[in-house]
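A, B, C, D, E and F label the chains in the order they appear, each numbered from 1.
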Amino acid sequence: MSKVVTFGEIMLRLSTERFLRFSQAKTFGATYGGGEFNVAVSLNNLGVPAEFVTRLPYNEIGDTALQEIKKLGVGDTHIHRGGDRLGIYFLETGAGTRASNVVYDRAGSSMATVTKGAFDWETIFKGASWFHWSGITPAISEQAALECLEAVKMAKKMGLTISTDLNYRSKLWKWGKEPHEVMPELLKYSNLILGDIDTAYFMLGEPKVQPNYHDEKSLPVLYDKLFKMCPDLKQVATTLRYSVSASHQRIGGILYDGDQIYKAHVQEVTPVVDRVGSGDAFMGGLAYGLIDKPMDKQRAIDIAVASCCLKHTIYGDYNLVSLQDIERFMDGDQTGKVSR
Amino acid sequence: MSKVVTFGEIMLRLSTERFLRFSQAKTFGATYGGGEFNVAVSLNNLGVPAEFVTRLPYNEIGDTALQEIKKLGVGDTHIHRGGDRLGIYFLETGAGTRASNVVYDRAGSSMATVTKGAFDWETIFKGASWFHWSGITPAISEQAALECLEAVKMAKKMGLTISTDLNYRSKLWKWGKEPHEVMPELLKYSNLILGDIDTAYFMLGEPKVQPNYHDEKSLPVLYDKLFKMCPDLKQVATTLRYSVSASHQRIGGILYDGDQIYKAHVQEVTPVVDRVGSGDAFMGGLAYGLIDKPMDKQRAIDIAVASCCLKHTIYGDYNLVSLQDIERFMDGDQTGKVSR
Amino acid sequence: MSKVVTFGEIMLRLSTERFLRFSQAKTFGATYGGGEFNVAVSLNNLGVPAEFVTRLPYNEIGDTALQEIKKLGVGDTHIHRGGDRLGIYFLETGAGTRASNVVYDRAGSSMATVTKGAFDWETIFKGASWFHWSGITPAISEQAALECLEAVKMAKKMGLTISTDLNYRSKLWKWGKEPHEVMPELLKYSNLILGDIDTAYFMLGEPKVQPNYHDEKSLPVLYDKLFKMCPDLKQVATTLRYSVSASHQRIGGILYDGDQIYKAHVQEVTPVVDRVGSGDAFMGGLAYGLIDKPMDKQRAIDIAVASCCLKHTIYGDYNLVSLQDIERFMDGDQTGKVSR
Amino acid sequence: MSKVVTFGEIMLRLSTERFLRFSQAKTFGATYGGGEFNVAVSLNNLGVPAEFVTRLPYNEIGDTALQEIKKLGVGDTHIHRGGDRLGIYFLETGAGTRASNVVYDRAGSSMATVTKGAFDWETIFKGASWFHWSGITPAISEQAALECLEAVKMAKKMGLTISTDLNYRSKLWKWGKEPHEVMPELLKYSNLILGDIDTAYFMLGEPKVQPNYHDEKSLPVLYDKLFKMCPDLKQVATTLRYSVSASHQRIGGILYDGDQIYKAHVQEVTPVVDRVGSGDAFMGGLAYGLIDKPMDKQRAIDIAVASCCLKHTIYGDYNLVSLQDIERFMDGDQTGKVSR
Amino acid sequence: MSKVVTFGEIMLRLSTERFLRFSQAKTFGATYGGGEFNVAVSLNNLGVPAEFVTRLPYNEIGDTALQEIKKLGVGDTHIHRGGDRLGIYFLETGAGTRASNVVYDRAGSSMATVTKGAFDWETIFKGASWFHWSGITPAISEQAALECLEAVKMAKKMGLTISTDLNYRSKLWKWGKEPHEVMPELLKYSNLILGDIDTAYFMLGEPKVQPNYHDEKSLPVLYDKLFKMCPDLKQVATTLRYSVSASHQRIGGILYDGDQIYKAHVQEVTPVVDRVGSGDAFMGGLAYGLIDKPMDKQRAIDIAVASCCLKHTIYGDYNLVSLQDIERFMDGDQTGKVSR
Amino acid sequence: MSKVVTFGEIMLRLSTERFLRFSQAKTFGATYGGGEFNVAVSLNNLGVPAEFVTRLPYNEIGDTALQEIKKLGVGDTHIHRGGDRLGIYFLETGAGTRASNVVYDRAGSSMATVTKGAFDWETIFKGASWFHWSGITPAISEQAALECLEAVKMAKKMGLTISTDLNYRSKLWKWGKEPHEVMPELLKYSNLILGDIDTAYFMLGEPKVQPNYHDEKSLPVLYDKLFKMCPDLKQVATTLRYSVSASHQRIGGILYDGDQIYKAHVQEVTPVVDRVGSGDAFMGGLAYGLIDKPMDKQRAIDIAVASCCLKHTIYGDYNLVSLQDIERFMDGDQTGKVSR
């Protein structure tokens, strides 16, 4: 298979353990993650070679992030070293009726202060057929947004499929521009968008809508507007999450190709070991399905949901599952019988 | 807001971790707690200045308990140092169909051996408007029961609101008297009692009753008798717990003011991270509501239930939640969406 | 009560903690266990003296296993020391839709390489009234299968009751023979078999069947064939597991004595702390019931189910519960109220 | 070899980990120990069957202590169950210039409240040739002191060798009598005393002395007085400790048999992993030596020192070393080469 | 005693445990510290009321730092809340020949972005007699340096004693000015300076010197120059460190009052549990001595050294020792005998 | 630089933590290592591309070992997957006078059961200039010894430098032949041998010698005999270890090139964090020095000793140090000053 390239920030994640609140923590679990990197890991675990492009500081924390990337088998050839610090996010894992809480500490990170010329996109995209980015990168800083634009332009020029996870984060977008001032220019190159319909409208500067995902027939009209605004768009997908509590989710998904709606069955997910990165697992599963068998869209959305569900059972940001794990899930073996 | 004073014992809590049974534990988690202290913490977290009155030994374990009190911002000005040991309780946290188990080791504690004159209640109550005690203190020892009486008498004299959590513990009350020989004298000063109706009857030496909390109309008659026996009583509240398993609770609550029943919706609580102290969180929430808006009794009982539910998700004895957390819960946001 | 003897392998169990996948583990929890040993522990905890017969290597890992046996109060008088290594199994504990996974590393273990004469069964069985073995032992190696045959022959000769848990493990049976070439010879001495009907047919070399446990009337015909094939058979039992997920089980059980079906109510088990050894807890409970009150078969199967359910809440391979815990469970107190 | 019986209290030990101060500890390591039990473990590890006599409460903490005794292979046949609580001691492990600190919490323990008739010494001593007790037991309570007297009288009557470790603890002896009012009556039955000369004089109510252990010739005069006061005394031993810091000790030892001084070489011990119980390891080694080869007194004192040194490298109260470990040490192999 | 005020940054400290390198860490120990806060803790533990002035962000990490300050009993009345983030430093604790390594991540911290008016120094200094700051604060940012100047000016005006620890950190001072452009203006208000002579010369812009601390007679000339440059200077002190390895230090100290040299004995410190903050412990001990008995300068420098030595045995940034601990050390009891 | 290839077994290492004995361990630290892999890691960290050749089982434990290799940046292109299990070794880390203890559990490992054709040495050695193997590989099994021979023959044919660490392990060599029956044939291809002189003589079947490394003049005669027996030998090196205790080592080293002795200064190493792999760190440092500057042999042996010393401060099998760390050490900065 030809290579997928993802571009974004990888952060040090510091999480409290055993559901402790921040004020109770005497230790933090130290892992690494970031939306676009998580997608790369998912793809790589499913057998698609993935390359991650980011910027890491020249210090021991940056070195350790790099070792993590290598360990997971994701390509690191084009990572740029420079800048002052690795972004951090603190995670307090919730349970039951108490939600998880994220405190971002990523201002001034190496990725946020990326400078022009750090990445030679023409070289990076050689041998690649797919490029993935998310709405987090342009939310970090103006420079990151500009670099994102460079990337999508070159990706289009070189004929790569471009996928985008909208990933709206209200605690970001502090650098002076609103999403609707930045995202339309970027999204017009996207061939696949993952996101809620209302988020898409919001980022594109359109009036607010309240989609009813239970009423499938009402959706094409709403999706179609996105196709009009994003000329290269071929498919839109949405993760359906029905949260019962921080420990209990119901996960489904929709894929629309401008012609037809493909919907996956809603699955029960309880208990939740770690919810962070489950959207990225959805994205990774979806991209895998569309790369592996582009015509079998039902399978693609089913894989996306299976991947998303399994992620909830795994500690850390990324989805450490194999294709075999996903197939077993889709075959209905979700009963947790011990394999021995 | 004027100050709340609570009086009782704070213990070292030694709990097995990750659901281990006592015989499997190679380490114990070391935290601190006790019913009346837990109420003080709850109130303080909700913005009501709280002062905790207790007796701590002059050793390093007593010092550490004192640091914990300071850390949580609870007033420690009137704590008496003396006696031989800090009370201990061992906790084996259950799961599913296996209940949690408590082994008390509090005999001979500094609080149990409190001597007359340790506390100058007149000074302590200056600037305070509310006094809270529970049925655990008179259960520990004769001296503790006597000191409790001193306190409620002075509290009444100085015009404080007096609240009491009945907190019956069958493993205590070993010092020679039965609850009904001690509690009536103490409860006659109470303005607010929290407890099951049958427990109240039992402690007041009345014949056994079997209240049906589902039948609201049957309750006033039962509650009214308490008002008769406790002349200062203004309000009675009961926590409604429908235990499905050690990991799954359903929590509701009732408040009766001699005139009207206020009932909160029953909430699902699963999984349970730590059940100990959830009654104290109820009490803390209730007192907060009645102090903050004395007339809005429905809100008070709703806050009590929300506070109780959230406590179940928090490790340790006390309810580390803010008013904002409680309001978010009452607004229906119990879905555990990550805040980011 | 007279003694029960169980015979089999005890292994070092290395399990990932907090639901980590193997690739995430920096430490392994080190415990010990094995089907037949787990049964001995269950019986001992319920008050029946149990003796465990196995073979342990002469190294520090074997010494530690021996200390574990002593700690639990199980008899160790006839354990043979020799061979090269203690068998190991790696356990990745699943959650929700992700199943637990076992990696066996028991080839060449002291038990697998047992040599003739290691055990003097006549001496071992003195003073014993019951012998238990499982289908794991003959699955390990030819020598182990032969030793098993020695044991059952002597047990029959000396008049012991013989119980067998079929315990089919697809990852074992690698030594050259299929179950149906080995098990019939062994099972003909069994007085009590625990196992699924289809597993029993498979091991006895009979054509495949698909029993419907919901249709009680259909079962005697299927069970009766086992009685025909195993001339000493008096009773057959089956654990009924309805897995919802790795974290949620529904557990029931059936006992058939050639005459009548005894069925226990299905119980909810959620969350699952540790599923491994729950079948052995069922077996231990069943044997206890049949030893304690042989005529009360309904009670025996009820105890088996209660024991199995409680095991799911306990970390490690064995069921650390007392008779009091089981009786409390059977009396319906599964609500997890804190005992204090 | 015939059996050794030791009599005393076993406590739950709660120690801070990684050199934390009490106020920093969020967990306590939970182990068990007590002077006389530690001696039993040492002897048992060296191949001498040892029986431990104590009193344990009927609760889960008492049960766990009992499992620990079983695990270590020490005889538990005559343990009495009763009383309210297991004694506790808190340990803050020091390092370098900061000393370790012990906080005792053993008042009211099952052992301290032992009642007449709990132990049938005649039965207990059947088949035993040696009885060991220490100065801690009479320091706990009057009842414990009385029981100790019962024991030594019967031991003498039945012809056992009686050894005593003086073990003076300034934080004990709170029950109303001074050591010199109690110990002389008890020590007159001792055949072997382990302790500093000044401690022995103090406990026997003699004027203070300042022995100079470097001047061997000066010692017999001082020791001889003990022989006069304790008519059954045959041998006296003293552990020589030259503390450089909490992490660095120098350990030697002296044995005097009324005729000759036997002195062991001083050994360097650094770093110290855990110092508690090193005196008991000395006692255990000495008793082993005198039981194994009564005539070879030089070997006995050498084993005592080796055992004491090795104990410093082991976490917990007791000396988990084999005879082989000790012999390797005495052969001069203290270089810590990896055995592989 | 009247109050001491210290001003500076408190950071989240994330340290690898058990001597792991950064790349091996799966968890970080989370504590808090900073030079000036550490001094406040030391003083408070020795009985001098201390107030800490800093700026903390309005997020959960800032809240937790505040709870830590409260726990330690340090005054927090004048802490300003604002800014974006709490500064962080990563610590890899070395051992033997491998040095500890610090990675600073404090750019853009709340303290670095302090704005004019955050602190009302006149109010803050009411009731205080001593103000302490260090060379770290002006090294962080221009705003922090300016605020430092405001503070020392007001402190002088209000008659407080002003002490300064030079604390040169080569990894800081990145904001555009060199130490010699900033420090002279600040140091001219100092009454007591702690630091190496060469560091003082460097910060004051003087030519490099190489003091020989072994040659006491050569020092007054060098120190006197500082008195000339800093008109308010009354005393200068220097910590003498002779590092053998990361695990073995030799610690001494010098105090010069313009007239006489006071020198403390060099003490051995091995093993080192945690070296960070040992200079602050020295400063805290010195200030305590000079506040408690201003005339006994030899005692002051002896306390400083004792405090510094003991700090090396304590995990975390601050010196959790009491006056009693220090006095025991100075009395020569460094042998680490267990206190029991 | 051109590539180095090393060939050998990588094992799962299960070590007790905090100096616990095996019988005390409830968890094992899980890391990976093996002599030849450790050399590859050392070289890679120093900037020499290294490729590791081994055989790993197709299971999750094998997968995890592979991720570890990737994480460390060592080449994994030619690793063969197959066989049944990953070898294991258990490590009990000693302290002071108690030595570390290794229990091997590597029989039947994937590497021990390697089959002909698993490795295509001609392809493997393309682009490589150096091949390293050790005496452990032929000690595992006959197949492994044969594969080793294949490798050295091809390495010689293709002109690689061949280095060998003798690494004698008395607990291995169980497959039927003695070292002197196997090693001479292999060692005749070696250009560089690392080992004690007496070990070399023993492995080559020569009469026992007792070299005196303090008498440099006596060594050439002893070394020269090795040159005669191994025709391709160019250099011999020996690690000099003077063990004071398990926690304190003195490390030196000798290199002899047939003409001249190069000796490194002996360095103090205390405390020892982890001694395992320190010989491999020596080998890695030596090879680096000889590759980087072949003529500067004094520097090579100095780097070897520095590398070996630093390894003792690092947990796990391999030497996680950079060239900068080593140069700092050689420049005499061993004082452990915090870098900040």
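The definition used in the following text is that a contact is a pair of C-beta atoms (placed from the backbone, for glycine too) under 8 Å apart; a residue touches a chain by one contact, two chains touch by 3 or more.
Just so it is clear, the model here is predicted, and its values are computed rather than measured.
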item	value
Steps needed, at fewest, to go from chain C to chain E via touching chains	2
Chain copies touching (chain D, chain E) - same or different residues, decided at half shared	different
Longest centre-to-centre distance from chain E, chain (CA-based)	C
Chain C and chain D: spacing of chain centres that average the CA atoms, whole Å	43
Whole-Å gap separating chain B and chain F, where each centre is the average of the chain's CA atoms	63
Chain E residues counted as touching two or more neighbouring chains	17-18, 23, 26, 67, 101, 271-272
Complete list of chain pairs which touch one another	A-B, A-C, A-E, A-F, B-C, B-D, B-E, C-D, C-F, D-E, D-F, E-F
Sites on chain F touched by chain A in the complex	67-68, 70-73
Touch list for chain B against partner chain D, complex	14, 17, 22-23, 25-31, 59-61, 63-64, 67, 84-85, 88, 90, 92, 101, 103, 105, 107-108
Chain A residues touching chain B - in the complex, by the definition given at the top	18-21, 23-24, 89, 94-102, 104, 169-171, 243-248, 271-272, 275-276
Touching residues on chain C, where the partner in the complex is chain B	17-18, 267-273, 309-310, 312-316, 320-321, 325, 328-329, 333-340
